[in-house]
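Same chain, two partners: subunit A is paired with subunit B first, then with subunit C.
The block that comes next holds the complex of A and B.
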């Protein structure tokens, strides 16, 4: 019995270095975020303990509500558009015998372009004076040529989401494509023998065959939607009139523009809480739908 | 075999812990060295307070004394990220002269890619000895955290109080203590593209009414009356409301508001903000598309002749000259409200502060004094590289002969406005920082009908009241 116990220590010793690194650079800062959320702190000097005042303020702050609503809108876009597009294109590309690698590369290229570069390029395209509006004006499309994609608070968030989608869907497509290629081909043959058509193959073979990838993509999309920052910050800086303010940009502004690091920490805690709730919700729904990623 | 695995695992874990300890050890060793440097760098630079670069030798002697034990003292000065050309210019006008003046000091000018890196370093108890910060409101945040030194003693020693213009020097105080020195100053002006003006036979307007009449004519001619954009930086609206409040409510009104004798919700201030909103809604400012136009686009539209006018800071002039050298322009004060007169909203463009953790504070003060007293170097940097002038009372525009005439005119305008006390107030120097953040985030809401002027001003007034109550209101001259 004693020998077995001693033997069990060895694997733990092997993971100890990784655990120490994780504890130092992930766990400790996370805990410090939790602690600092209870302080009034400008990010540099001594912090003053204020209990749950930051959290009380968060629930009264109209910009937080606005940011959460924007994050939910962002999530709804990202949980539908790139997933459907990525899935459909992955199915189509997986059928190809030739040019598959070429198409895969072409669709994946936007993902490797940095957000700073892509954001600037698309901001220029969306400029009302020299962007795509000039092309629309050339076609005589008067109404479209006067559209202010980033200047109209009603559509600015979706304009930025469009650009992030452009960058993101190729990655989803490659994930789905890789998963589809892992599905046992004999299952398709069996389905054919049973008289299944293409659509039935898709429903009864392809989708069940990649359900773990679908579950993974869903959970990551949900979390990334709440953590997204770069495109919004680069393209609109949260404007116009806070129409694209999301949690991450609001946290950044509080920490580094308003010098309210304590409040920003409290916002981080709320943001993490939302992500955790959504994670478990997604796990539950996936389990109900037979897409558990266990 | 099992024992081997155990030993291997323990060795790996041990190595990991050791390496982390070693990292920590390194920093403590640095600290002790730094302490040593403190002793070796104590320099009496009283003689360096005299003006002129001819004093470089005297300063050098002080530097030599500082390194009397043979160790070279290291002094780090922060600066903003710059491209290769800007670095080359900086090396010529700052790095090299500093090296000559302080031959025994290892001076490093350290570029920070963003403000956050500097803030995080300073929060961790490190950071550069001299920090180039955004201005007094930025310095105030470092002061609240006790991360910058009170420069009072050095100011007395070097006579800084008599060197700077009062408006700029007094704005560097926070809660009664001097925490920084203004590195440059700037103002909000109206730029006119003279080619476009001449082509259409338009005169430069002298009054607000003439400006309104001109904007209508410009619009009828199919041009944008005044270009403006803040697509990539929402906060650029502070150029507008600072200008409108100072020029069309008046500097006295702004001062009364900030000192608690009036409210921003009262009529003169409210009327000026209403004017700003009305002009935007009429399409006079930014053709109702300012949220889709970047600040770079602004300059391009102005230079390409899409617009005859641009409200911008004096900082834009060197960019215009470098990027659009063929564009002909002049800069003037905003057309005046006849009851108020001509006003030029001023701001300090940056501030040097000394890190409270600096082991070489005396030397840092001496270096600062050198920078502000080596006027020949400073004139050269303005004349040849378009650097912004320091707000020094002894500054002589006559020394700038030979530089680009447009820039020279602008500097003359700035100096004259100071001489004649036509000083207005830019929010980034003279407004409480919370108020400025609120206004920056919400002016677009006014333009886009998401907020009323009354709501906006009532909320802004709360920040004024708060700053007055806390004693954190910036000092207005």
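The block that comes next holds the complex of A and C.
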């Protein structure tokens, strides 16, 4: 009798510390964000219930519109450039006989360093007077040497996206390479027997073989594009003239600069809503593919 | 050996182009970082006039000065202390939790597993605002505790699922044999699972360390006092203040990323496998 009871309690003693800490710091506050999005609140004083007014304001706020447009531009960059780059490089690396591990290690380096440092390093390189422009001027490239990468509102967002890409594509490449290495080698042999060339092999064996990973990367890219924060905050903080304002920097400003916690919470609800839906879509897609480990 | 002799030349050219491209991309990944290292040995003037290439004259005083002025001794201490506490707590509670989820039978096992799968999807922005204002109210903002608590909580779901996947691979018979020999759950965890899982715990510890070392959003929000700042936020503050002194920026960058890069060079496989493991399965 005693052992049965003990057996019932022990698993809970094991799991509850992790569960309680996480629920208190993450889940409960997340739920309170949902509730507080219906209030006008400055973070300190009394909160005032205002129904859906925050959400109404969001739809009228021109800066929100601008931020969402920037997030979508960001998404368009990230759903093409790093994916193509990662894919091509992964295909090439998977065909090498040596150096696979070495190259993988090199490509992954930018991913392990802090976004704060990567952002500042590239800000230094992009400094209009002391950065690579000095080198361009040395080559006599007048026009290029006067470029203001982060100061020109028309290109600032793409300059930041370039840096985030530098940090990001190696991660995508490693995902693709890992998937390619799991493709059944007999499929390639079968394709060879059928007389397929390299390109046909790619279309008919490699891509179908890693379609799960491609789907995962696509959906995660969409999700991350709406959450992205660090690089923009570090390099431009939304400037110049709101040219790089994105959802996350706008939320941050509302919450911790303007102290409009209620409004920030409403923005968070919309941003997170998009992402959580996509997360479950990804889960659903990978379940369809029968790859889920559950 | 190639049967299609006519194709060899064109396919050789193609693969040469491929290799060139791979080398180019390797340089693209590595050169910006190597250049930072080179620039940290240049004078400020040389950093500004020729920011690319090796130093013409090597100077070594940047490091001492930057370390001193930037207060990096304190920042390193704060980061190491925070990382240490978070690693110990996360390994303990996540180790126990993952053990329960994989090796023990209980009623709510399915619920807890599902909970962590959902929990991993909650973005930080969803709870940073209430966390900040609650911690502000109870006086935890601007203390080391705030980040220790928050980081621990944030690290739980991913590492729980990671360890869960690892533990599933340990044959059940081992623990059952231990139980037949009279071990209780804690003992069978400590004597059987833990020794086998040591390398997995190392992977988790490394991942947690890197996350704590690199994290920016939360530590930038919760800590405003310089003497409590972790390395990454101290770095951002320092480079903001010394924005015109390029050699300091480059040197501070090296000081800030060196521990992570060194760890990475030793454990690159663990880094890569750990950081990408949640991706395909989760």
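The rule is short, and it goes like this: the second predicted complex is superposed on the first by the 245 of 294 C-alpha atoms of A that agree within 3 Å, B and C clash if a C-alpha of one lies under 4 Å from a C-alpha of the other, contacts with A are read in each partner's own complex, and residues count from 1 in each chain.
Definition applied: a residue touches a chain if its C-beta (ideal position, glycine included) is under 8 Å from a C-beta of that chain, and two chains touch if they have at least 3 such contacts.
Here the structure is a predicted model, which means the values were calculated and not measured.
With both structures placed on the common chain, the touch criterion links A:151 to subunit B but leaves subunit C unconnected.
Judged by the touch definition given at the top, the superposed model places A:10 against both subunit B and subunit C.
By the document's definition of touching, of the two partners only subunit B reaches A:46; subunit C does not. Taking subunit A as the reference, the larger set of touched residues comes from C, when subunit B and subunit C are compared. Judged by the touch definition given at the top, the superposed model places A:74 against neither subunit B nor subunit C. Legend: residue contacts after superposition of the two complexes on their common chain; A:264 is shown touching subunit C, with no touch to subunit B.
Once the two complexes are overlaid on the shared chain, A:110 sits against subunit C while remaining clear of subunit B.
Judged by the touch definition given at the top, the superposed model places A:250 against neither subunit B nor subunit C. Looking at the shared chain after the overlay, A:176 reaches neither subunit B nor subunit C. Of the two partner chains, subunit B is the only one touched by A:237; subunit C is not.
In the superposition on the C-alpha atoms of chain A, the part of subunit A touched by subunit B in one complex and by subunit C in the other spans residues 10, 13-14, 17, 21, 24, 43-44, 127, 129, 234, 256.
The touching residues of subunit A, counted against subunit C in their complex, run 8, 10-15, 17-19, 21-22, 24-27, 29-30, 32-33, 36, 43-44, 85, 88-89, 92-93, 95-96, 101, 103-117, 120-122, 124-125, 127, 129-132, 134-135, 138, 166, 170-171, 174-175, 178-179, 212-213, 216, 220, 227, 229-230, 233-234, 248, 251, 255-256, 261, 264-265, 268-269, 271-272, 275-276, 279-280, 291-293. By the touch criterion given at the top, residues 15, 18-19, 21-22, 25-26, 28-30, 32-33, 36, 47-52, 92-94, 96-97, 99-101, 104-106, 108-109, 112, 115-116, 119, 121-123, 125-134, 136, 149-150, 152-154, 156-157, 160, 165, 184-185, 210, 213-217, 221, 232-233, 235-236, 239, 246, 249-250, 253, 256-257, 260-261, 264, 268-269, 271-272, 275-276, 279-281 of subunit C touch subunit A in their complex. Partner subunit A is touched in their complex by these residues of subunit B: 2, 5-6, 9-10, 12-13, 15-17, 20, 115-116, 119, 122-123, 141-142, 144-147, 230-234, 289-294, 297, 301, 306, 433-434, 437, 441-442, 444-445, 447-448, 450-451. Every residue of subunit A that touches subunit B in the complex is listed here, in rising order: 7, 9-10, 13-14, 16-17, 20-21, 24, 42-46, 123, 126-129, 148-151, 153, 156, 234-242, 253, 256-259.
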